[in-house]
Amino acid sequence: MIQERLKELDIILPPAPAPLAAYIPAKKAGGLIFVSGQLPLKDRALMLTGPMKTEEDSEKAAAALRQCFINALAAASGVCSPDEIKSVVKLNIYVASTPEFIWQHKAGNGASELARSIFGDSGVHARAAIGVPSLPLNASVELEVIFSLG
Amino acid sequence: MIQERLKELDIILPPAPAPLAAYIPAKKAGGLIFVSGQLPLKDRALMLTGPMKTEEDSEKAAAALRQCFINALAAASGVCSPDEIKSVVKLNIYVASTPEFIWQHKAGNGASELARSIFGDSGVHARAAIGVPSLPLNASVELEVIFSLG
Amino acid sequence: MIQERLKELDIILPPAPAPLAAYIPAKKAGGLIFVSGQLPLKDRALMLTGPMKTEEDSEKAAAALRQCFINALAAASGVCSPDEIKSVVKLNIYVASTPEFIWQHKAGNGASELARSIFGDSGVHARAAIGVPSLPLNASVELEVIFSLG
């Protein structure tokens, strides 16, 4: 069902992104899937680097976080079929920000809206969005996801 | 029982704060309630904005985080009665900080002490407190909470 | 078994670090153990303070995060025997960073590699690594851990 929905949305899951270090893309525990922090990698390159500064930057960051959600789903696919995922529980949204950038919530909508679009009602989730001074490889955004296996 | 304790403490839960974006205030999964990041909103206005700079700022930040905990309980009330909450599992405390502000743990006590005051022994929790350069809407603090349904 | 492995690695768990405030070192819920954010305390002193700036700093930060993982295991030991821990579920790695420091993932390997060394295959985990402007007591790193009781 989720795989059909991905087709309808013309989303092709990439291979699960290779971890940068001594960890794995996702781990099951207690009926949940904890997905490692995902960077906005597309075709092996970062879509967006450096800190966000102005409200206008929110849109670019939202597009990058949409890609992070696709990567998170790909990462989860390494430990279960997408169709086994019952719901999206929580997103943690990190946005590289100068002290003036205060629109992390707008940036986060790129991921949140895609979650709802793919999973419907069960894709609506709790979340937190915060600014950070910098992220691995100079990425502008990073996304953590908890899925539920139901 | 929790509702009685709130009365004793003269705490009136506000309506669950409206999400700023495409998400919900709280989500149940695996016997836990994951609450979305709460800002120090009181009567629809932020109690405290901008980064914390000096040790003296810790007290204002603690008062704001106390309010965030009240808002988190209000958010959880959207998915269960406060009396169904068995314990406070974890707090994630985010404090907008200049690089010189290193008292995030003092700020966090505003939330931690209220959790214990409301829930007694089962209100004592694990937590992490970190600095961030900026938060949504220029809020000075943000709080994530995980409750347990027991 | 985990206690034997710690002996083989010459790791002596310190007493669970005293919380800086109104919280506890670790809390059980839903088959998981949530460990409070651990600082790189060794013999009651911080091993590393201030923000990381250059790629070379990653090694010092990795050594400090290795110590944080030892402290996290000590913290978990307050609520269960180390031998009851089935797996390492997730690490959240916070590195005090200037905006130029973009190697939080390298720093995090200090904790990730020790987790695998102690717990073997079940020590491999999901994780997220982010930069922060500052941390409690001017610590350079902080580590959150979720263990599973299986």
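Think of it as A, B and C in the order they're written, each chain with its own count starting at 1.
Just so we're on the same page, a contact is a pair of C-beta atoms (placed from the backbone, for glycine too) under 8 Å apart; a residue touches a chain by one contact, two chains touch by 3 or more.
Nothing here was measured: the structure is a model prediction, and the numbers come from that model.
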* Type of chain A:chain B copy interface by residue overlap (half), same or different -> different
* Could you say what rotation angle superposes chain B on its sequence twin chain C, using C-alpha positions and rounding to the nearest 5°? => 120
* Asked: Hey, how far is the Cα centre of chain A from the one of chain B, in Å?
  -> 24
* Pull out every residue in chain C that's touching 2 or more other chains. => 30, 132-133
* Asked: Once bound in the complex, which stretches of chain B touch chain C?
  -> 30-32, 87, 89-91, 97-106, 108-109, 112-113, 115-116, 124-133, 146, 148
* Within their complex, state which residues of chain B touch chain A. => 20-27, 29-30, 34-37, 51, 92, 94, 96, 132-138, 142, 144
